[in-house]
Each structure stands twice: as C-alpha cells, then as structure tokens.
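Pasting a structure here, questions to come.
Note that the chains take the letters A, B, C, D and E in the order they are written out, and that residue 1 is the start of every chain.
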Amino acid sequence: MIIRKKENWLRMLFIWKGSVLPQILFRLLLLLFISIVIVYFRGSFFNYKIQLNPGPFTLFGIALAIFFGFRNNVSYERFWEGRKLWGSLLNTTRSLTRQAQTLVQTEDKEEINKFVDLLISFTYALKHQLRHTDATNDIAEISGENLANKLKPATYKPAMLIKEMGLWVKKHRLKGDFDSILTVSFDQNLSELSNIVGGCERIASTPIPYTYKVLLHRTVYIYCFLLPFGFVDSLGWMMPVIVSFIAYTFVALEAVADELEDPFGLEPNDLALNSLCRTIENTLLELSDRDLKTPTPEKDYILN
Amino acid sequence: MIIRKKENWLRMLFIWKGSVLPQILFRLLLLLFISIVIVYFRGSFFNYKIQLNPGPFTLFGIALAIFFGFRNNVSYERFWEGRKLWGSLLNTTRSLTRQAQTLVQTEDKEEINKFVDLLISFTYALKHQLRHTDATNDIAEISGENLANKLKPATYKPAMLIKEMGLWVKKHRLKGDFDSILTVSFDQNLSELSNIVGGCERIASTPIPYTYKVLLHRTVYIYCFLLPFGFVDSLGWMMPVIVSFIAYTFVALEAVADELEDPFGLEPNDLALNSLCRTIENTLLELSDRDLKTPTPEKDYILN
Amino acid sequence: MIIRKKENWLRMLFIWKGSVLPQILFRLLLLLFISIVIVYFRGSFFNYKIQLNPGPFTLFGIALAIFFGFRNNVSYERFWEGRKLWGSLLNTTRSLTRQAQTLVQTEDKEEINKFVDLLISFTYALKHQLRHTDATNDIAEISGENLANKLKPATYKPAMLIKEMGLWVKKHRLKGDFDSILTVSFDQNLSELSNIVGGCERIASTPIPYTYKVLLHRTVYIYCFLLPFGFVDSLGWMMPVIVSFIAYTFVALEAVADELEDPFGLEPNDLALNSLCRTIENTLLELSDRDLKTPTPEKDYILN
Amino acid sequence: MIIRKKENWLRMLFIWKGSVLPQILFRLLLLLFISIVIVYFRGSFFNYKIQLNPGPFTLFGIALAIFFGFRNNVSYERFWEGRKLWGSLLNTTRSLTRQAQTLVQTEDKEEINKFVDLLISFTYALKHQLRHTDATNDIAEISGENLANKLKPATYKPAMLIKEMGLWVKKHRLKGDFDSILTVSFDQNLSELSNIVGGCERIASTPIPYTYKVLLHRTVYIYCFLLPFGFVDSLGWMMPVIVSFIAYTFVALEAVADELEDPFGLEPNDLALNSLCRTIENTLLELSDRDLKTPTPEKDYILN
Amino acid sequence: MIIRKKENWLRMLFIWKGSVLPQILFRLLLLLFISIVIVYFRGSFFNYKIQLNPGPFTLFGIALAIFFGFRNNVSYERFWEGRKLWGSLLNTTRSLTRQAQTLVQTEDKEEINKFVDLLISFTYALKHQLRHTDATNDIAEISGENLANKLKPATYKPAMLIKEMGLWVKKHRLKGDFDSILTVSFDQNLSELSNIVGGCERIASTPIPYTYKVLLHRTVYIYCFLLPFGFVDSLGWMMPVIVSFIAYTFVALEAVADELEDPFGLEPNDLALNSLCRTIENTLLELSDRDLKTPTPEKDYILN
C-alpha cells in the first residue's frame, strides 16, 4: 500500500513515486518516438498515405469504456473484498480473545494466552499461504517449535490451525470450564475464521477470466498505436504530446487494475499484509495485557 | 478456467489460446472479405450507392454500451456468485468436519470419517448435478456401494445427501454423543449446505432473460455488418482493417459473456469444478489425518 | 421464462418467438411508414423544411443512456431478487423438511408429512397471492378441505399458513417431541419464510416510481419520432432502414424492462412460478419418500 | 406513491398527473420564451453575436452523465432501502406475533394481544417520527391512554416502545411462561426492530452530501440556459422545440431524484407510509383473529 | 455535514457556502486568466500556433468518465459505509441497553447504568480514535477517572472498552444474574461492536489506491489546461466563460470526492461524528430514564 500525505494540487501533478509512470515509461517513450516519426512523414509510408481520421476512435472508445468500466470495478472490488476479509480477521480474533477471557472459568492465564497465540499464528499462516511463503518460522516463534513441526508438512496450514483451536475448545469443555452453550459461541467464531480463509483463497485462486484481460489489453494497445495516424493531419506537431498523454492514462489505468486484481501480492498498490498482521498481533497482545511489538515501518512510501 | 502466467505486454498481444479468437475467426474473416469487396466497389451495388456515414453509428453506440454494460456485468456476477457458492462449500464442509471432530463425544474415528465422506460425496454429487452427469460412480467410490445404489434413482441427489447427514446427526444425538445445543450447530451448517445447493441450482436453471440475448446479438451483428458501408468513403483501404478490429472486440465480448453466463459448464472460461472438488476432498482428508490425492492437472492451459 | 437452446450466431438473427418483435411490430411499421413519407418529401411539410440534423441526438443520447442504464438495472434487479427469494423458498422448505425428519422424536410419519404438506401449500399460496388468483383449490388438494375452508376468507394466506406451522411446532413441543432449543431452530426457519413472503410482497406492491417510467417512455418515443428528420438529408433512402433498426433496439429494450419489472406476472420473460412450485413440491416429496409429480411442461418455448 | 395502471404506449405520452410536468412547467415555459427571443435575434445581443456551437455541449454532457448516473442511483437506493426497511418491519412484526402466539405458555389471549398492540403502536410511532408528526393520538387509540401519556415527552418514541416490549418479555419470563432460550428468540427480533428504526433514522437524517446537489443543479441549469445559443444557428425555428424537450428530460430527472432522496416525505413519489402502516396493522390483526380495518384509499392516483 | 434547507431552484444557483467554490476559486481564476491571454493571442506563442481542436477532448472524455464514475462511487460508498457503521453503533448500543435492562436479574439500577455508561464512553472513544484525538477526558467524565487512567496508555481504546463490557457480563454471570444462554445474547452484541470498530478502522486506514488518485488528478488538470487551446478558434471570446464553467464542474467534483473519501475527518461534507455521539448518548440516557444533554449545535450550516 502506498502511504503518501495529501499533496497540494500543483505538486500532485509532478509526483513520480506512487504513479505507475516508472513501470510504463519505456512503452510511452516508444510511442512518443513512433508519433514523431509519423508526424515527420505526415502519416505516409513509402508514399502510401495511411488514410485514418478521428472518426473510428469514438467507436473504439465505446469498447474501451465498457472494458475499463468493467475491469476497473472488478479489480477494485477484489482488492476491497480482500481488505474486508482482513478486517473481519481483526474483528473475529478480537472477539475470540474476549470470549477466551470472559467466558472460560479458569484462572490459568497461560492457557488463555496459548489460545491467543494460536490466533496470532493463524494470522501469519494465512499471510504466508496467500504469498506462497513458508509459515513455519513464524509459527515456531509464536506458538512454539512443537506445533510448527507438526504443521510443517500441511498443505492448508490455516485450516489446520483452526482445527487446533477447536481441539483447545474441546479440551476445556470436557474439563468443565464452560458448557455446550458457550462452546457454540466459540464454534461460530471458528466457522467465521474458516469463512475468512476460504474467502481469501477464493480471491487468490480465481483471477478475472483470462479472455477479458487479453481483450482489454489488445484494445488498449492497438488503440494507442493507431492514434498517431488518426490525429497526424489535424494536430500536426502537437499530436505526439496529446497522443502520449492519452496513452499514459489508458496504459496506466490497465496497469493499476492489473496490480489490484491480486491484492495479496507485493506490488506497490497491494494490501499491506505484513502491517496488518502486526496490527492484529499488537491488539491481541494489548487485550491480554502483554507488551506490544514495534509496528512495521514504511519504506519509500510503501508498506507491505 | 484458463490458467496462464502474466505475460509481457508485447507478448500478450499475440496470444492465441485463451483469447476467443479461434471460436469467432470464421465470422471475422467473412466480415473482412465483405469489407474488401465493399472497398473495391466503393460501397455501390449495381451503380446504386449505399448512402451511409459514421453519424448513425454513434447512436447505435449508445444502445451497444447499454447492452454490453448490462450483459457483461450480469454474466460476470453469475460467474462470481457461482464461485462464491463453491467457496462457501469449501468453508462449510471444513467447518462441519471440525464440528464432527471437536463436538462429538466419541473415540470412534471411523464414524467421524463416515460423516466426512458424506461431505465429499455431496461435493461430487453437486458437481454432477450441475453438469448433468451421473454421480453414482463417485458416490460409490467415496461412501460405498450401498449409499450409491440407494441414491441412484434420486432426482435431487445433493438434497438427499444432506438428509443422510441429518440422519447421522440424529443417530449420534440419540446415542447421547452430544446434546441438542450442539445438534443445532450441525443443523445450521446443514442448512447452509442446503442454501449452497439451492443457489447453484438457481444460477443453472435461470439464464439471463432470452429477449436480452437476442437483442444484444442482433445489435452487435447488424452494427458490424453496416460498419463497412459507414466508413468506406472516409477510410478507403484502411477500412477493412479497422472494421475487422472493431468487430473483433464486440463479437469477442459477446462470446465471453455467453460463456460466463452458465459458469458450471465445460467451456474454457467456466469454473474449474473438477479441480474445486479435488481441493475440497484434499483439505477434508488432511483435516482427518488421511492421505491426500493428486490435484487435477491442467491441460492446454485449461483447468476444468 | 423463455426456454430456448443456444442457437448458431446466424440463426439467432432471425428468431421470431422470444424476441419482443411481435409485440412492438405495429409501432415499428408505423415509424417505417412515416420515415418513407419523410424521405419522399425530403423533410418538408408544405414547403416548410423541418431544420434538424444529427447534432441534438447526441445530447438526447445522454439522457437515454442515463434512463436506460437505470431502468434496465433496476428492472433486472427486481427480477433477480424475485428469483432469489424463490430460491430461498426452495432452500428453507428443504431445511424445514430435514428438521422435521431429524429433530423430532416421533415415529409417526403421518405427522411429519402433514408438516411437509403445509410447506407445499404455503408455496402454492404464495404463488396465488402474487398472481392474484385463488389458492383455495390447491390448499384443499394438498392439505385437505378443512384447512382450505379455514383459510378461504384470509387476506394474507401465506402468513396464516406460517402461523399454522408455528402451531404444529407448539403442539409437538408441548407433547415433548423436542425441547425449546430445537424449537428455536424451527422458529428461525419460520421467520425466514416470513421474510420471503414479505420480500415478494414488497416487489409486487412497489413498482419503479411512476415518474421515471413516464420520463423514459417519452424520451424514447419522441427521440424515435424525431430521428427521421435528423437523418433524412445525410442518409437519403437508407434512412428508413437505419431509423427502424435504431428504434427497434430502444423500443424493445423498454418493453423488456417493463416485463421484468413485475417478475411474478405471466408475460414471457417473467419467472416460471408454476414450474418452481412443482420443483419445490417434488423435492419435498422425494425427501419424504413419496412419489414425484410430473414437471410442468413448457409450451411454445415458454414456461410459466 | 403514484398508483396508475399500465397505459397504452400512445396514451402514456400524454399523461399529466404522475409526470413532474406540473411542478417544473414555469421553468420550461421561461426557457421556451428565452429560446424564441434568441432565434428572433439570431443569437445576437446589441449586434454582439454570442459565438457558441454544439461542440462544448458534448463535454458538458460527460459531466452531466457522471452527475446524473450518480445522483439517480443514490436517490433510488435510498428510496429502495427505505422500502426494504419497512418490508422488514412487516416481516419482523409478523414473526414476533407468531412467537407470542406459539412460544408463550399462556391461555390469556388478552396478554398476547397487548403485545401485538405494542407492535402496531411501534409501527405508527416510527411513521410519525419520520414525518415529524405527533404519535400520541395513534398510540392512545391502539395501546391505551396510559402508555401514550408515558411516552408523550420521549424524543425517541419507537426506541422506548421496543423497551416496553422488552419489559413485557421480562415479565412473562419471570412468570415462567417461557425459558431463557425462547427469551433469546424474542430478544433477537427486538434487536431487529431496533435495526429497522436506526436504518430509517439514518436515511432521514443523512441527506446526499449538499455539495453534490449544488454541483448537479448548477450544471443542469447552466447547461439548459446555454443550449439555445449553441443550436440557434444550426436548427433555426426548430431550436426552441428541441431545447425545451431536452431541458424537460434533465430538469424532470433532477426533480424526481430530489423527491426520492428523502423517501419518507409526502411528495407524490415518496413511500406510502400510511398505507404500509395499515397493511401491517391488518395482517397482525388477522393473525390474532381480530377484525381488519379498511385499507387506506388512494386519492388522485396518489397513496401516502 | 452541511445542513441547509431545500432552496428555490433559482437561489440554489447562487449559493456560496456549501459549494466547494471557496476552496477552488484560486485555481479557477488562474485558468480564467490563462484563457483570456490565449484568446488575446489567438492561441499562438511567439508566432507559433498551438494546433489543437475539440476532437481529442472526446477521447480524453472517455478517460475522465471512467475515472470519475469510479472515484465518485468509491468515495461515496466509503462515506455511506462509514455512516452505516455509525448507524449500527446506535442500534447495537440501544439493543445492549435493552438487554441490560430486561435480561439481568437485578434491582441495582446503578450497575445497569454503569454498563450503559461504558457504551457511551465506547462511542466517544471510537470518535476520538478516528479523529486522532485523546479520549481520556470524555471517558473520565462519563465513566469516571479510574477507568480513564487505566485506558490512557492503550493504543486501541475502543477494543479495550469492549473487553471491559465483557468483564461486566462475566461478573454478573458468575453472580448468577443470568445464565449462559443470556450471556450469549450479550456476547453477540459485543462482537457486533467489535465489527463496527474494525469496519471504521478499515475505512480510516485504507485509502483509495494512491495511483488512482494521481491518475485522476493529472487527467483532470491537464484536460482543463488544454481546453482553452482546443476551443479558442471556434468560441472566441466566449471561450474563457465556457472553459471556466467546465473546469468548475470537474475540479469541484474531484474536490468533493476527496473530502468524502475519509468520512471521519473535519471537512464540511464529512460525517457529523460529534452530533452522532450526542444522539447516541441521549437515546441511551432516555432509555435509562436519565436527563438528556443539549444536542450539538450547527455552525455556519455545518455540523461536525
């Protein structure tokens, strides 16, 4: 996630980091070069004039508007749904912590903290699964080597951790620390955790249908490549400037939509999962009267 | 579902598999041929000049934008709702497995696994119902011949399997393995399974109103057929190129929307139900400490 | 609901039944006739030339796009919400049937079937209320003459039937067939039925604000009537063809939106309530091991 | 709410009541007059020609489309959410009535009816709060003078009435008419009533951000006032007709959006709260075997 | 939140406070000045004519429509979701108050009021967290110095206050004031409070992806700066007027979207959190038969 303060309207026009300009610069310069060549030859190749005018671009425009309106909304919804799921994770882990502290009939603070640690391990395990990294070290640090080794071979670690919490609940129910009514309260929140894992897996494993992406990509790039021919006659030497700018907006828009589509990655506009994990860890530690850890620092305006 | 890695922006322009180009190639070549004939005769038939210019195409364009904006969104929402339902299926079966393992007062692991197997059978039965194939073999393999034979004549197999789970719960409640409070926890998740089945049936049995599809189809094709006449005068020999490209985007867009409308089929962009069934099976097997099966392989970039 | 198989792209252009063409043919022919007269007189009345060009139609176009985008989405959402409510009805009646079979401590299958029959009667009663027909015969056939006569004078029959189910639950609770915990499980699903009835009543009793409909209607028809004057000079004898086609898409679109607005009626694109009732009846009969009835047949591609 | 039957497509063009024409007639006539003056002087003031053409109106058009698309959707969503809340009110009061009748262990029908009367009073109290009128008379008539006097000074009457219901439930629980499990069933529906009140208060107290309304208003009116100058040269004496019609659609659209924004008022397109209150009252009376009251009559096609 | 009564259509055109005009006036005057200079030199710099016409602005227009349609909707949805969360807060605190009053078996009104005070403190603590101010004084005033001092060092004060409520519930459950069934009723509403806190934190901590904002900002301002060159030839001295007006709508629209994006701030169109806190406080005081405080007054049409 890019973290920048609100800028003055004038300064915002000249921002470099945080715009996608660095990523797409080469393509834009290429187009600028082509445009200049086209103006120089007045849109002719070996005396054959490419006959094109602004007319058809309005028709292409309809297609572009449909595609972008769609792609943009869908990408952003995926991003926002991902954020909502991690928000629910914060809420549900807090609620489970409160339940462990106020519903269980025990003075053994260690036992409660063990459950809270399972929740923190679960949070990190989910992050690692979504980013295809190994959760073992984090689990070992939080909940001990034993559990970490037990879960090492597991394919679906977060699901296995929910089962561990279920077994903790079972143990304490059988010990008589609470009755089956309060068990249900725990169980419902464990199901909620299960829904969160499943929701994240769904977003991560099901991209926007590939054919849409190919279609949008082609329409955008062929559109931008044809633009110089369409405007060379009416705009003259202003054409390369105008064309580069129009191309900038469209190409950049596609690039952002592409970043947001998989919100759990490490690109600049993706969700700051590291920071979210630390927030959840800290609020759970505060609720169980333990010391907080230092928040994840941003770097180059970017938090991940 | 089409599984392709992110490509370079340049390579993506030349992708063949995964675009719908193969499907609609004939129509586009036909249009290209017509366009060339029209340029050759300069838009006249037997000396009668078809008097058309780019003007009316903007008006058509309004209709097209409305239709596509609508058709596209609705098709994608159906696709995504189907995916969400299968995501819920994953979550709910995991939760039911956890409940069977942590709420039931029994040491008989076989009994628990029998319930988990009912969940797996249910998943496959739903897939078969949605794809109009026979679930009997899969049920027999997972839950035994007896159940498979009993369900063979049933029209609504998944609903019958939920009833079987209900009877399993009843049996164990009457045996005293849990009280009526925990029964309710099971019962709610069984209702959730019922909602998932009903949701899938709803999408599969209620297509987008037919009249919409006819209207969009006609507007798109008549639009594309009239395009050459509208642009022959202003674009000359560039016209066939431009017209083919515009037609490609619109015809392809309609074709994709058509695929996504029924997301449970076997077309390239449909949901990968086989793979989803295997994922659910494997996570439930892992939760009950059994061996996982090999995941469904992709073929030609396509997973179904 | 119109039931037609997917057609070849070429054949789909010439479909008659299932398009709204039959309904709006007269209006289109009228417009065609007017257009031909206008071409003949070159847009002049008694030597006074109606001075109009394609320019203002783009501005009208904005209004049309706003209206249609809105009307279309709202109508479809009403249609789809209606379908979802009937889908929930299927799910909830199945769940209640399962609950009656697995939560009640009785061997008296008759009693259970009586409850299931109440659910089926309820389904039919809802259909009759939404279509303003009399439910008495259907109720008599399914749940007996007594109940039918008792409910005959009732204004809100489905609500009264939910009360009947509530009384059935009360009777069996007082008999000791289940405790108050399981009573709550029934009660929640009865509330769900209540929500479904209320949702359907809401859609049926609250149309889209009338003023919107008048505004859209006027914009569409005045737009189409002015079109010939705007294009007579630039398109000549091609004008009547183009104008008729543009008018076809807009007028047809309004007609479909009008049909979908009240999804419980008997127009071709409305929901197939008869068929849905039969589906619900059959799945409940199958769950209670009784014989299924024959599904509602389609007629002329239409299922209602 | 405007109640008019479906009209013939031709008649619908000439409807007076139910369109917003009466409200905005003066402004349209003013514009018509200005337009005629402008045609007469050919767009010149004291020999200074206002140099304007249709070009910039397309750019304005973009702004208008954005504003209207937004304003329209938001207004309608507020209207529809208001309707949904009142639909939930119907469902929840019916469910609470059923619960009072089937969950409470008492033969005292009077006590049950007292509870149902509280529900009816609550419905009327909510209506009065939303319309800023005094609920005291209605409460007195339904639940007696005592309660009416007690609630007279209360600012949040509906919230106080939910508390009264809570006290009724408390009384009967302490009397042993039901256990704490069934208490929870009542309590959940009382919370639901609380959500409905809060939802209505939210819509009523938070209008669309004022700045949006000012912006849209200005864009629409300045647009319409500039239109005559833009089209006087190309349309001549047809200009006043065309401009008036375009202005009609935009000004009317804004007026309707303005009405729907606060759906609880007394304008023609607002929700028919009086009629909804009577419907709820009647269905609750029918459920408790009491006589129904006469439904609210419509007047001049309008139900409020 | 801006509080202004409905104005006459004419007066609304001349409103100053409540439009964003004051904020953006300097930029508009700058553009007006540039436009006048450009008309004076007829679009030439040192005899080099900037060759631009209205054509490319339609293409830019597509980009603008996509960006604004998106930015606008997302900003408003964030605003409205924030409002819904505070609406839920009202509903849930009312429900918890009712539960404390009707489910707890105690005559000790002080104890009940202590719980209600925790709810009020929680509301203020949430406001302070969202506005990055210190909640200690408000908590001290409502729930006493002890609690205020205890919570002073806490980073997540609202979450800690929910824990306090949980401990209150635990105390009374252990005292036997209610059983574990009614405990669950409290617990569910405490989880609901947790969801509300988490939802508000989510909106406050996750802005719209920064790249989108940069892209929209650039497109709007470069568009407006190029407009004068595009229209100088066709509009002459009318150009500065038209350009300023078009720029006003776009720049203002961006400014409003920017305000609504973070709805918990202190800008004119933000949510009136102070007033909402007072409303919640007053309704809870009324429910517990205590005296109401004076509502927050508006100032300069603004409530915050």
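One rule holds in what follows: a residue touches a chain if its C-beta (ideal position, glycine included) is under 8 Å from a C-beta of that chain, and two chains touch if they have at least 3 such contacts.
Listed by chain with UniProt protein names: A, B, C, D, E = Bestrophin.
Computed from a prediction, not measured in an experiment: that's the story for all the values here.
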item: Partner chains that chain B (Bestrophin) and chain C (Bestrophin) have in common; value: none
item: Fewest touching-chain hops separating chain B (Bestrophin) from chain D (Bestrophin); value: 2
item: Between chain B (Bestrophin) and its twin chain E (Bestrophin), rotation from the CA superposition, multiple of 5 degrees; value: 145
item: Euclidean distance of C-alpha centroids - chain D (Bestrophin) vs chain E (Bestrophin), Å; value: 24
item: Chain A (Bestrophin) and chain C (Bestrophin), separation of their C-alpha mean positions in angstrom; value: 39
item: Chain D (Bestrophin): positions in contact with at least two other chains; value: 58, 65, 69, 181, 184
item: Chain contact graph, described as a line, ring, star, complete graph or other shape; value: ring
item: Traversal of the chain ring from chain A (Bestrophin) via chain E (Bestrophin); value: A, E, D, C, B
item: Touching residues (chain side chain C (Bestrophin), partner chain B (Bestrophin)) in the complex; value: 1-4, 6, 9, 12-13, 15, 18-20, 54, 57-58, 61, 64-65, 68-69, 72-73, 76, 79, 83-84, 87-88, 90-91, 94-95, 98-99, 101-103, 178-179, 181-182, 184-185, 189, 227, 231, 234-238, 242, 245-246, 249-250, 252-253, 256, 259-260, 268-269, 271, 282-283, 286-287, 292
item: Residue numbers on chain D (Bestrophin) that touch chain E (Bestrophin), as the complex places them; value: 27, 50-53, 55-56, 58-60, 62-63, 65-67, 69-70, 74, 154-156, 159-160, 162-163, 166-167, 169-170, 180-181, 183-184, 187-188, 190-191, 194-195, 197-199, 201-202, 206, 209-215, 217-219, 221-222, 226, 258
